Amino acid sequence: MAKRHARKRSEKAGMSPGSAIAVGKRQLSDKTWISTTRYNVDKIEELTDVPLDQIGPDVPPTENLWINVDGVHDPELVQRIGQKFNLHALSIEDIVNTQIRPKQEDYGSYLVVMLRMILRTDKKAKGAKCFSTEHVAIILGQNWVITFQEQHSADVFEPIRTRLRGAMGKIRSCGADYLAYAIIDAIVDGYFEVLEELGEELEELESQVTNPESSPMLTEIHSTRNFGLFLRRYVWPVRDVLAGIERNESPLIQKSTRIFLRDVYDHAIEIMEMLEAYREMASGLMDLHLSAMSNRMNSVMMVLTTVTTIFMPLTFIAGVYGMNFTFMPELKWHYGYPSILLVMLSISLGMLVFFRRRRWI
Amino acid sequence: MAKRHARKRSEKAGMSPGSAIAVGKRQLSDKTWISTTRYNVDKIEELTDVPLDQIGPDVPPTENLWINVDGVHDPELVQRIGQKFNLHALSIEDIVNTQIRPKQEDYGSYLVVMLRMILRTDKKAKGAKCFSTEHVAIILGQNWVITFQEQHSADVFEPIRTRLRGAMGKIRSCGADYLAYAIIDAIVDGYFEVLEELGEELEELESQVTNPESSPMLTEIHSTRNFGLFLRRYVWPVRDVLAGIERNESPLIQKSTRIFLRDVYDHAIEIMEMLEAYREMASGLMDLHLSAMSNRMNSVMMVLTTVTTIFMPLTFIAGVYGMNFTFMPELKWHYGYPSILLVMLSISLGMLVFFRRRRWI
Amino acid sequence: MAKRHARKRSEKAGMSPGSAIAVGKRQLSDKTWISTTRYNVDKIEELTDVPLDQIGPDVPPTENLWINVDGVHDPELVQRIGQKFNLHALSIEDIVNTQIRPKQEDYGSYLVVMLRMILRTDKKAKGAKCFSTEHVAIILGQNWVITFQEQHSADVFEPIRTRLRGAMGKIRSCGADYLAYAIIDAIVDGYFEVLEELGEELEELESQVTNPESSPMLTEIHSTRNFGLFLRRYVWPVRDVLAGIERNESPLIQKSTRIFLRDVYDHAIEIMEMLEAYREMASGLMDLHLSAMSNRMNSVMMVLTTVTTIFMPLTFIAGVYGMNFTFMPELKWHYGYPSILLVMLSISLGMLVFFRRRRWI
Amino acid sequence: MAKRHARKRSEKAGMSPGSAIAVGKRQLSDKTWISTTRYNVDKIEELTDVPLDQIGPDVPPTENLWINVDGVHDPELVQRIGQKFNLHALSIEDIVNTQIRPKQEDYGSYLVVMLRMILRTDKKAKGAKCFSTEHVAIILGQNWVITFQEQHSADVFEPIRTRLRGAMGKIRSCGADYLAYAIIDAIVDGYFEVLEELGEELEELESQVTNPESSPMLTEIHSTRNFGLFLRRYVWPVRDVLAGIERNESPLIQKSTRIFLRDVYDHAIEIMEMLEAYREMASGLMDLHLSAMSNRMNSVMMVLTTVTTIFMPLTFIAGVYGMNFTFMPELKWHYGYPSILLVMLSISLGMLVFFRRRRWI
Amino acid sequence: MAKRHARKRSEKAGMSPGSAIAVGKRQLSDKTWISTTRYNVDKIEELTDVPLDQIGPDVPPTENLWINVDGVHDPELVQRIGQKFNLHALSIEDIVNTQIRPKQEDYGSYLVVMLRMILRTDKKAKGAKCFSTEHVAIILGQNWVITFQEQHSADVFEPIRTRLRGAMGKIRSCGADYLAYAIIDAIVDGYFEVLEELGEELEELESQVTNPESSPMLTEIHSTRNFGLFLRRYVWPVRDVLAGIERNESPLIQKSTRIFLRDVYDHAIEIMEMLEAYREMASGLMDLHLSAMSNRMNSVMMVLTTVTTIFMPLTFIAGVYGMNFTFMPELKWHYGYPSILLVMLSISLGMLVFFRRRRWI
């Protein structure tokens, strides 16, 4: 997964900075969906599939505008949006680079926050496979917010839209900075779900490992660990991003919103700690698995040794009385056969007692 | 255990911040118990099961008020208390989120401290199983303290109540900040008991591992390690919480109380170091266990090899004289049988000497 | 690889600082190639194989000069260039030391940046072997940049030259500091390619390790890990170098260029994180491999134990009835032979059932 | 060892801060020994077994007073001393808590330093067992020093007393801060001896592990490692304590004494580094031991395989000619027996050559 | 090696600080060699075996004096030198303590730098054994430098003397601070040689480990690792020492010299990184070795299992037809013997095919 990123990146090596080459897997022919939400305390107006030339930063100061762009595979279109809103070339380069590391940057007249949204794609399936990640760029201006999503699919913003429509909480009465906070919060809260799934997978693996019946699942532990590693790539920088926004003295963010950003920051810390704990659990699981296998090997060896040690002497005795020497007095003795059987029986019983004492059987 | 937390959390994803949805396992029908303690140097008045409308921040400046709320599963009730004391929406969200990470926040007119109380539930039982953890939120105002507990069960505050009643120490003559300190101190001191138990479990496991008689207890080492991991989740942030309170220049905390907070901080450091030491001990134990198992395997292999090496040649010799060739002069020889038995005896004795020299037997 | 460095270094021990002894593998007889690019917004003039006496820092303020020197094996020549541009003795020592650790230094009138360029030498081959590294020293003056390369071979600067020639982007309209940025950016972006290759190798190794058919490739995992270690040596310091340049308040770097340097810094962070992730993957792979081998050993042991446990008792029974006692009633019995075969059959079937239940076969 | 600490601590949970409950293992009936040393450049006066009411902080400014208290098990007595010298309740709590973590605190009119003294109890015995640790509290006032020791036994202060009596060095001409430094220095220097012993134990274990003759000593490595862990608990905080004293701008410590404290600080760093190095050595030893055991297992397996591989085919051949088929032409052949012996001999020789080539024997 | 240090140190425990007791292995009777070099731009005067009373800090400001003292085993002599140059008692204690950790200290009128010189003792031998380390104390005053060496043997300063004599570089025209820099640089550069050797040893060990022919060399890997650990003890503090000197605002060091000190600092960083890389290589080697041994064990087990699995059934069949039942129809059958041989052959062929498919043989 991490590899795919790198491969795309190197295609850009040596190019002019700010050259908006889309680093992603979608074709240019795919449509880009633009939707806008314009609201203030009193009213809300939602438009979907808005043509490019109808959007712009000319919002009256009493209103807030949220533009959501689904699809950044067409660099030219993003560049044209960028020009309308006066975005720096590097911002546009970052928006279309769908593999970018989460980061935030203050360009004076606007703030850029790049995050990675984690989405459950299959509501019924279990495990890490049913999650997909998507690059989201959030641009916060004076009284507008633009969100660029990698794909026109489900997102984690539906509850925000519901709150906007229903004027729930204070979202309608606050500025664009509060909207940006709400978006960031929704993305970060979305991490909890995938972490839960990871935690459940780990617990299931743990119960499998400690259960002697179930067969060893080494590659599953490994892949769960790798999934945690992959998540970490996108989750770790989030803390720095949020700390950066919080410390940022940009006038775009009001003081009353900062306390909410501090709350998201706390969530990010919590997520990081959960991830670290899961990582330790996964590595403990690996140890446990190796040790369980070593245990099993021990018991196999004990069976082998027990069987060999009991039957080798018996077979030897049988071999001795199978020799064809002319003069072997025991062979002629009438009770030779039963006595030798008795000897054999007592040897094997002795062995069994010995092994029982050593707790091998 | 950590998993349960995550699962609950994701249910809140995307919701309006400050939406007080109880993240816990109790039903709404459970009763919430409110008790108040109003005291100053001269007098003390304790009330239990106080109705909601009789509490409020209107305490005369010469008195201190401690309100203890057992049960935060009814968000509406908590919200009403919060409104009475003018608490921020985020504070209320944190109070009802019983899975929150320990933290402290300064809201100007009041301080919030979230900790996790560790309680011994079964006085007689041993081991980590007999401990339960409970979320405690401490709100420190001008001359009042509110504590929210997750459940109406035992708590670690009994000694504080005794000191209040008996006017022991300076608790009655100090302000609400000293009471808050006493509460935090009681919670932190409660960690020592569970750490002791953890230490004792580790020592017992160690004596089991080094004892060759006792059977390997891998899963127990693992679960003890995991319990340490779980504790760490709640204990580690306590240091930052206390450092934050200490550094905090809030006028709510008097200078004379800060030296006591510094003392609790030292305890938190001590607890963290004990936890780290136990963690290293647990991982050393894992190594020791693996190595003991490897040792055991070695000795099993030596038995196997010794037995095989002694009896294989003997059986072969017996096999040779069991062959049915017509012309085998030894078979006719009168002393053939005893001589071959002698040969066999000397071979096995030689082998035994060889293995004794190699210290295998 | 790391070793070669050290060996060369020790030859300089105790020498006068600034003594420009070339630490490299090329002979003095090799030619040094000097090429110059002189440009401003309006025009560009490229010269190759320029004689030493035609270069100098006397560029009109409206123009920028880029001097590229291929080959630093002739210390005298580098020293003469250094004298022309007034470079400090230590700068010259660093330029000719091709094994130096990436670093940056501000000498007031000029900045020195030492990096390591990673180049793909064989476009078709796969794996780490097809990459070579080369020492590059970048000297940024008022309106000139000098780049010293270790060898006269391919470099990663071709796209920059194309942009200069084609006046693409803003490179022609910006100052020498922007050119220096473009050069650093090209070198850092070049790391992505080798990281991709490393990632692909790791994935291939992972699929081999988890495939029970393929034979273990321990030394390959080891060498991939060592390659990552080797890369780290040159990649880690890049972050500090870039942070140093960014923090540097030198008037040689304009404010508009700093935002681009910040972007390269972000790339360096990304590269470091990829490298760390690969390192963890490699060590996880090692664990996986060891565990797969342990698994295989387990199954081998189970086959051995199964075979031994089934045939040992059978052979013993056959041995018993091969004994030559005169009085063995079973031998005379007409159904003795078939009955004993039946007994043997049931023993082996019983064993098979037993092993099947234990999931050994 | 660490456990014992915790168990005692929890008994204090919830108690009033500053409640001087002795956390130790001595009985109240044990006597507390107080001795005083009053000195200046000209004279010295030593008293032992001084009654409590004869001590106090009323020393003329031209003299220094050192009060040494052996035994802190009687909290009341300590409290009375504390009241005489105006000590804070928390200081007294720390003095009687013999399990406290090393720390220093500045109470304005006096400084408190808590350290752990390590003492060799048995001069002749070897190993970690012959060391005991003791809690020491050092209180530095204007011109007096009080030292509280856990027990009335040997201490590491004898050389200081000798220097005081003999007026060696500058100890008599310096103030109480120099005396406090001398005491701290003596305690810290005492750590070197136990570290030596630890180092020697590690070297002995190393020679045992690499010696194939000696039997594996896993539990000894483990216990040595644990002892290092235990030491670390008391040694690590010493660095912070000393750094704290050094940074401390208390007028109680003169500038000329600070340079000596800096020297002790360097010793503490050195001790920490030695401890870390020993820890790495111990963990390297564990690896070495495991690997040596794995080596031994390998050689056992090779013996087993060699013996089995040689004798299995021979026994099979003997078995074949032991079959009772009526028509087996070889059996009748006169040279059958010697030829088959020859075949067996050549098979076993061939096997031996094969194993010799594989370097198994 | 580390142990030896500790043992000597503890002998000083409790002694008066500044008591110049030589911590080393040389006898008092050994001679101490003093040599002086007095130079300025115009002239140089070298004297060897100078009597003690002819040296002193009274050098004319236009000249620099370098005093080199070989042998610090006679504390009295060092103390007399110290008194002449007004050195602090602690400085003298540090000079004669040949086991001290590298450090630097600013005593106002002079600077002290303690380093450890690593010297190749046997030019032809290979490996870590041919290096010895020696304590060097460098005292930098106004226009004099004193170097104290542990022994009168070879040192790494010969190139500096040559440069002084030949007036090479700027050493003669610079002040005493430049001389001190040159001495520090020579010592630090000397570390490269021992690191090379370490690197070469590691590479050789690596080729041995990956070569299946060569026998395992576990103790060698271990001792190489320990040697790296030992080096680290003396190399790590060097970074702090140099950073300390650089940050130091002492007027004894001119600004022009600081840039050179910065260069030595870079070397120290480089050395530290090499050491860390070697350490990781050594631990990777240990893993590789363990894994190679595990591999070898696997192949031994496969041989054993193959042989056992093939011959056990054959031997059993032979045993069956060796039974002495009266009624065994096959025995009478004319083609019984050849048919049974055929059966045996096909069984063994089948087994071989099976093992070939499992890639065991």
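Labels A, B, C, D and E are assigned to the chains in the order they are written; within every chain, residues are numbered from 1.
We adopt the following convention: a residue touches a chain if its C-beta (ideal position, glycine included) is under 8 Å from a C-beta of that chain, and two chains touch if they have at least 3 such contacts.
Quick caveat: nothing in here was measured; it's all calculated off a predicted structure.
Our note on geometry: chain A versus chain E, Cα centroid distance of 42 Å, whole angstroms. The distance from the centre of chain A to the centre of chain C, each centre being the mean of the chain's C-alpha atoms, comes to 26 Å.
The set of chain B residues touching two or more other chains comprises 290, 294, 297, 301, 304, 308, 312, 315, 319, 322-324, 328. If each chain is drawn as a node and touching chains are joined, the picture is one closed loop, every chain linked to exactly two others.
All the chains close into one ring, and from chain C toward chain E their sequence is C, E, D, B, A. Contact residues on chain A toward chain C in their complex (touch as defined above): 2-3, 5-7, 9-10, 12-19, 88, 90, 101, 103, 105, 213, 215-216, 218-219, 222, 225-226, 229, 233, 286, 289-290, 293-294, 296-297, 300-301, 303-304, 307-308, 311-312, 314-315, 318-319, 321-324, 328, 330-332, 334, 336-337, 340-341. Those residues of chain C lying in contact with chain A across their complex are 156-160, 163, 168-169, 171, 181-182, 185-186, 189-190, 192-193, 195-196, 199-200, 202-203, 210, 259-260, 262-263, 266, 269-270, 273-274, 277-278, 280-281, 284, 287-288, 290-292, 294-295, 297-298, 301-302, 304-305, 308-309, 312-313, 315-316, 319-320, 322-328, 359-360.
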